[in-house]
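To keep things simple, chains are lettered A, B and C as they appear, and every chain counts its residues starting from 1.
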Amino acid sequence: MPDRLNALAARLGALEDREAIRDLIAHYGPLADSGNAAALAALWVIDGEYEVVGFASAKGHAAIAALIDGPVHRALMAQGCAHLLGPVAIALDGDLAVAQGHSVVFRHHDGSYVAHRVAANRWTLRRCPDGWRVVHRANALLDGAEAARVLLAMP
Amino acid sequence: MPDRLNALAARLGALEDREAIRDLIAHYGPLADSGNAAALAALWVIDGEYEVVGFASAKGHAAIAALIDGPVHRALMAQGCAHLLGPVAIALDGDLAVAQGHSVVFRHHDGSYVAHRVAANRWTLRRCPDGWRVVHRANALLDGAEAARVLLAMP
Amino acid sequence: MPDRLNALAARLGALEDREAIRDLIAHYGPLADSGNAAALAALWVIDGEYEVVGFASAKGHAAIAALIDGPVHRALMAQGCAHLLGPVAIALDGDLAVAQGHSVVFRHHDGSYVAHRVAANRWTLRRCPDGWRVVHRANALLDGAEAARVLLAMP
């Protein structure tokens, strides 16, 4: 019986991992669009990285929080914006995981909404003592360049 | 052993709650876009409320069903529309829960699609004898106004 | 005790089924936008079908892969595109399941993005020896025609 119980516990743990990762990523949009820079940065590990491929990279909580507290994002929020992240495909590998999916930034302009950025995302995550955290998020515009396709390729 | 079994059952129950809430919310779009007013209203508790912040509020099944059966929604359906709801971040608290996420209403017009409404949503849900139901859904356009940011702030 | 263990295992199995189906569908977009025709086709059973209602139907792995390897999709990828699939409502019925939700194809054009197709989807899935697979996916534009509403109607 303990064997069967252990097997059930392992299966349950895998579902919990996937749920925790999905929930972590589902917090990004609400935190970005409510301007909660500190809580957004805390989705990452201390030395985590958010890389916009071929453009810039923010490393560490202070740099990631600055993306949200900075003038570009604040201007976007003042005008109206939505960071919609789609569902992610998740591959678990022990204490690491990779999640892949799309993101769309809608921008409010003159009473209507435009899809300002449509991008590919690859999240690398790590199990930490207090739950899953993002180690690295790579984001690349789906504008025909190879970079975005690489992010969506099977891990 | 019963202790371990109880602990596993509690963890499993939490995952089932989250899955039930996610599935409930995932029904909103298909029910809205297929015009099933009665089933859509039944996602809410009997005296549940759907509030478009600063605009109007529908309270109770009849009022919520009227949003779908009314002339505005029917005209939108006839023209072509999609109520796309993104993934939600879910916070469970016993028999209550809060879910937060984005919604986009696409509208078909002259052979193309425009993002007609891009909004923030905060769902308050309650465990009922026959499953989770919505107590209150608040929706606010992400047009730069404070209302939408409040809905996406951490619960 | 074995009874209780069996009951827990059954509940856990239902959650695993739903997770597997969600994950399968979450792979469609990344595989389409990275151009992985073979892996995309393998989401379906051998004789599975992808039907664009009232337009065309691809049956079997070779025909489904050809949708991705064909000139239309390759031109779309070269220009920049995103196949964003929203969350799905899932109804399990033993070894079969139905999942329903929206899909949006964004197309990159002249530095901006347009919602090129906004569609309803109904996925019919079957449990196979190596996991859940798609038996049939029906997709129809939400352009006001009845076909899309049928796909989103309750199963």
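Everything that follows uses one rule, which is that a contact is a pair of C-beta atoms (placed from the backbone, for glycine too) under 8 Å apart; a residue touches a chain by one contact, two chains touch by 3 or more.
Keep in mind that this is a model prediction, so the values were computed, not measured.
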Separation of subunit C from subunit A in steps, with touching chains one step apart: 1
What rotation angle, rounded to the nearest 5 degrees, superposes the C-alpha atoms of subunit B onto those of its identical copy subunit C? 120
What whole-Å value do you get for the distance between subunit A and subunit B if each is reduced to the mean of its CA atoms? 22
Give me the residue numbers in subunit A that touch at least two other chains, ranges are fine. 1, 5, 8, 12, 15, 86-87, 114-115
Residues on subunit C engaged by subunit B in the complex (per definition of touch): 1, 4-5, 8, 11-12, 15, 18, 86-90, 100-102, 104, 114-120, 141-145, 148-150, 152-154
Contact residues on subunit A for subunit B in the complex? 1-2, 5, 8-9, 12, 15-16, 19, 22-23, 25-27, 29-31, 33-36, 39, 77-87, 106, 108, 111-115
